[in-house]
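I've put the structures underneath this note.
What follows is a pair of complexes built around chain A, which joins chain B in one and chain C in the other.
Showing the complex of A and B:
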């Protein structure tokens, strides 16, 4: 990659490329725009709405006009800014939003109808009879480049993290001096610049500090690297985020994904320069009208003289130097003071001159400068304020975060010598040579005057928005799409807000700016994506027993972030699931419950703590006991359900829902540190250490008895909701009598490395008894038959425990507990709360759809609740459903209408427990 | 529920992984024990490992929080609340998978996964790396040792390999 200035008069590597089907030749180091300009091409695109011909306005990131689809070999990328895309051999560039070419675009005729296509046109016109009738056509017409159908192989961004003491953003004169100063002071400096060639605008100077720009820049970079500083070229700081994190994107060769560097900087020096702003006059969007700064850059960096007879329209002194250099390069320059009369460009695709009042100045090129605007985007990302400077007519960095400073043109210091001196000696009073005369859009003036070149927002559009009361700049932006082009308002925002200020007769600073948001330049989504793709995007948690499940023919499905067996065996899933349910009810099911939480709470205050975080009373538990309970949020909403076991006076184990382990651990840690003494309570998540094999069903006790022949697991000796700690094959094992199926159940937990042994042993003992493996789908049916809920499925963000039939602690528990106050509010006690019920259906249309609404059956039905779980119960051979219904507990026996996608059925509200309502099987 | 069996490869076996300039070796430790308490660090008798010091002892304790260590290959202890020492003790020997990563450019490798750098010392070895909670420390100048929660170990290794292949 070239990183030097181009000299077209001496031998440079020639690069062949095409644009809109025509062949051209450029030089190594060219951008596509500079190469085309060197070939005399000016029309490089079309505007978004009116399809007006567009040529480049700027020479770098501030250009809103020259956007292209570019193909190189097999790689095609849409919407490449021609001013920042470096030319490579064999590139095929096509203009976007134009057909067949930018030079001749068949849709250019739309411009004839511009009087009817002003701001708000779409909103007003396409409302009747239905926007969706017009939407496909408008969408086809809108947009810029199209994404190629080809998949870009290996287009993957490298992502890395880095840090430095001082990050200097921008390697113009001020940035280079700032970086050198910090590096020579011994600080760890990183200097980044978005060009391949460092120096910023320095090449527009004949000399700097008595040296040619090339020599001066080489001296600075040598000094920086000699002092240990790092320099990253082709690297854009696209945003500043929390805690001094700066997003850097580093470009490589065309077609390779850019690299993302997350840079954490101790201090950031913002030397991002300034942008030349357009002058608003009639036909100011014509190809051949450039910024003064761009003309100087094209000449200095790319050896391109933009015109032979140039009208230079400027209100500031920076144009003086450019005028001299253009003249030296062979152009005839006509200087025009834009503050002395109304301007109007003459010509269409090819400029012929510029009118000032009644006088025509013949010219093939117009250079315009309405004054420099500091590039303060990053300052605002970091939360810095902006101050208005009346002398320079700009927003400059005001009060900002301590870690951030602005230098050079970014700080409003447009005179290079003064800016450098200020960096070297910040306290020194600086005398600047920069002067300008205020020049802003004049509402009511004649002709079509462009504010946003790409999006075709004119001064009249701003005036229309103001008449329709879109006077806030944020509303103006959204109503007119001003600033929504790919340059994100770099050229249009100041003119737009100044126009609005003039219309309202208010000072510019009172109008304010729109919000500056990252990224500063367009960044491919891939940059954020990196290696987070495919299975690395949202990886599942893996069971230690996964190989055993695969060997047993498990269908592995994702449940709450875990890859778990849904069912086992080949054939129809529903048949396998039905068989597993029946087997579990008839003999026993063996289930991998390893993801269930095992979060230990220990310490002198452990009892008080769990009594506080649980809705139920936990303090009365004795060691060896287990209790089912709810954890609530502060709002009284059910956050998790599960069981808690007391292992000792100061030790509990919380077995929360599998998918809630991370959340519950954080929930506990939060409350441990808030309102409790964190030095007397400790929360240790041991979930990953333990595997849990669950055996449930009438034969479960026999299986466990065979597994642990030395333990008395009879119903009398080993009661429901208790546990024992013993050993199995010399390994500690916890056996808990907990049931989520309504049948007698045992949870066997031991260290993960012994899980396969235990799984195999239980399976061997179970199979001769008619028992077998069971997946999660069967388990969900088994628990639904008993009316046992799944939090998050059978509850929602408003469900409180009394809605589920657990109302006693609310009225009886004396100790303070999390969520208590919220359970006594008016809303918590209203009669129209959704409550858990069962639903029975008499017809033979199968299970009700989960999510179906329950209504009163009116012609305009209103939802009174919804179905949360619904299955065809293999045990009962009938459909069953759980639902949350308004005032459901008081409506037992009532028939309701179930509405789903326009179809209705009837159902009868009943108890949510469909099976073994007396609980006889629990101790069988 | 959708059958995703074919969408996910079988779990990684405990085999060594070799990439250009880097080797990932699964490690089997005798014991890992979480110990929490206000004195957990100050009264720890095993060598205390912080970042980025090199620890080459057979038994040591990782400082993972101001009030928590992970004892590695320490003596057997009884789980539960130790009344005398005022420590919460949990055996998590099977809770964390452990890998040694030998590489030429340790800082570059660390940078792919998160904000971990040799130049950034810390009293804790707990780090978010490739989005996973890990304990990272050095057992010699060229070898990192990483503990990651068992059920996310494959995902972390996959992310690491994927990032390295790109780079």
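Showing the complex of A and C:
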């Protein structure tokens, strides 16, 4: 075993776990990766494309290789990075993308074919005849891990909103000092760190300011807490969003959904540290090759020594300290300068050594460092610019937003003493001990040299992309998938863009970086939605009469945001709906119409205002009258239909569609305030104040007469499209004669609190007359039998009123109205507009499918419109359909082909009104 | 997530607001002749400037329209004022 735990006298809790079926023992505080390394296990996964054996490169979020599927009890999560998943007793970890195990992977044979699997391979190979032929096979072979079929019912993220004056991100030395300074200055400080154990890289130090690292950290945290600062551990700042919003995700026990904290910070200190970058050399992806920083972390945090004979390959001074500590821990360290000759790793699953030119250094472990890269992701999320530093060969934070500052290694200060001195006294000039020699990928060099480990992008792939003119780093990324793995290029982006710079012989800053986008680490989707799903995301609006409907056996369904009765009673839905339709046509149906909009428009300018927002002329209406009309958008498209009632000279009620109330109210408010004098018009949405019971059918008049014995509701005294205001049981009630069914109808509206009384009274008067309750499904059929439209169902985003047969205001209305000019464009006048028609079915195959296309019947059919509503009419005992079809009004009697999913039928274009075409029943 | 300040209600989450349009758009008088180009410009042409912009927004929970001056690049809100000049 090359990597192993250094024994310590401290007694620690032991944790049992398995990996690929074998049992291992780790200890409290381990990650899965550190525990496996302590057991000498290095092969932890297979690469994405070539199935090459892979072990961890890093010790934390930068690792691209060791992704696992982990089960604990009944919870299994795919995509767990072994380097950041803390070990728990009884964990069952499995390598992904490897079968049967990471050590022996059957698909490893793919590696032999690497010459044919270069960048753009999929794009080039699977084009003919159709990508979809190959997709299932490729999908099976690709991917990392499988999603469990079990739904994690309790995997719901808690979400909180929080604020602070100063948010310090990262509790390494610089972050701790910054947080302490701000807290002691009396500021409201929150300090977050993604580890459970604060301190960042401090444990790699022997001492800091004369103290051991744990004592030094304890002193800082005690001071921060004493000054009122808050500290959040295991919490990652994954993104900075608009208006200083920082997304924080806090990890709990394995299998519990992380908590989301939306932190609004007055000032943000970015102390996110730096990442060690790989050196690009032949076979640099072999298990047993780690970053120098990872080796130092595994030793300092987990007492794991990665090797016994270690080749340490570094171009910078940070390796010096690590070399000393590894030696002290018992390893033999061979120091190699990577800038002096070409490197090649020797060995496959078990590392044997490293060649430099012709010289072989035998070693069981290789540590590599190509220099440190500041972690500037959050800086870029916030819109900060990056500057190139030639001395350190890094992008460092440049000009940024005022609220954000970067300190420590994140700001390119890799020397801890210098970094904390600068946090304490920002003005002092600091001498840093960090030095490095530039070292970047060498295009044209031999062997397979990995740039992106997880997605198997090599230097040759970058060269190929450049030859094929994918020279922009954004194109390079998408063509080769470089930087698109779960690590999002933390180790590969710098190497990739440096390779592209070298190929083009341009300086690195000229090539630039790809866009840094949140999240910094993978965040489960559940964390973003939290409790906001289903009803909690989009609560339905509920009827006052819901309990009455339930008692009557209603099937409650969502219609336009409202929970409404679809039909009543047990049994087959279609039988119940049919019975309700027949009952309504024979006697009467009682229907809860409460969601219908009731938006009042009042004031001295109300008449002009409604006349402007309506397509139809409203100004000529008299109090007591009702008119059917359309509201259009400025583009002339039908936005809503409904009736408007004039209550008085300066008062109207707009009864818009149930699902459009909020939209219509916003629409009215916008025109009221922007373009009119808002002191002379008032708009009030009173929908929620009213309950409406609709009675429709031949017996409707008798029912209403019995309900309101003092009113003359005869057809002569109470005409269609008028309303009366009276009292019922001492409560004001508005009775409107409008009809959506073609039958004589009365809408009875009164205040919500009397809804149950009215419903009960109407029901008990109606039932002896053979009438009964009716749900929305029956209403939809009744209206379709009459050819009455539902906006958004029988109309689309191009439908204008004249397409529906309402052409008079377009040619006659003098006053300005919304959308008026749009009704006279070339497009509005064209002959091939879709117009509303009915369709008569010629065969015995039942109703036409809604959405079916109407064609001219050619072998290569072209759509001339589509079916918008289709039912089996109980009243007529035949299928009926409404459709929008090109130039439909002029094509009555024409036979058209109805095409649906490859099947065709014939239908004849007819008037959209199928029933009582003379309208005799309206006043019956 | 942005925070906008409704002149009537104060600072609120952006999800309570609805973009109404760029400030200063005047509806052509459609009782007279309006040529196609003029109408198309009114309907479809937006300034969509980078940097400081002035827009009309609605705070949907109180239904008040107001003018918001903001930076379309940095998303900084520069000012919010009632659309009505004479509001007390």
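The working rule: the second predicted complex is superposed on the first by the 841 of 924 C-alpha atoms of A that agree within 3 Å, B and C clash if a C-alpha of one lies under 4 Å from a C-alpha of the other, contacts with A are read in each partner's own complex, and residues count from 1 in each chain.
Quick note on the criterion: a residue touches a chain if its C-beta (ideal position, glycine included) is under 8 Å from a C-beta of that chain, and two chains touch if they have at least 3 such contacts.
Fair warning: this is a prediction, and the values are worked out from it, not measured in the lab.
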Could you look at A:546 and tell me whether it touches chain B, chain C, both or neither (first, second, both, neither)?
first
Could you look at A:262 and tell me whether it touches chain B, chain C, both or neither (first, second, both, neither)?
both
May I ask you to decide whether A:796 touches chain B, chain C, both, or neither, giving the answer as first, second, both or neither?
neither
Which partner does A:815 reach: the first (chain B), the second (chain C), both, or neither?
second
Using the touch definition from the top, say if A:634 reaches chain B (first), chain C (second), both or neither.
second
Could you tell me if A:825 is touching chain B, chain C, both of them or neither one (first, second, both, neither)?
second
So in the superposed three-chain picture, is A:767 touching just chain B, just chain C, both, or none of them (first/second/both/neither)?
neither
When both partners are placed on the shared chain, which of chain B and chain C touches more of chain A
B
Where does A:665 make contact in the superposed view: on chain B (first), on chain C (second), on both, or on neither?
second
May I ask you to decide whether A:777 touches chain B, chain C, both, or neither, giving the answer as first, second, both or neither?
first
Set of chain A residues, in rising order, touched by both chain B and chain C:
262, 264, 678
Over in the complex, which chain B residues touch chain A? Could you list them?
1-5, 7-8, 10-11, 34, 36-38, 67-68, 80-81, 83, 88, 90-96, 108, 111-117, 119-120, 149-155, 158-159, 162-163, 166-167
Given the complex with chain C, which residues does chain A contribute to the contact?
241-243, 245, 262, 264, 383, 401, 634-635, 665-666, 669-670, 673-675, 678, 683, 814-817, 820-822, 825-826
Interface with chain B, chain A side, in the complex: residues 156-163, 262, 264, 530-533, 535-536, 539-544, 546-547, 550, 554-559, 562-563, 566, 573, 595, 600, 602-604, 606, 647-648, 650-651, 678-679, 682, 684, 686-690, 751-753, 776-777
Flag every residue of chain C that touches chain A in the complex, lowest number first.
1-3, 18, 20-21, 27-31, 34, 36, 39, 42-43, 56, 58, 60, 63-65, 74-75, 77, 83-84
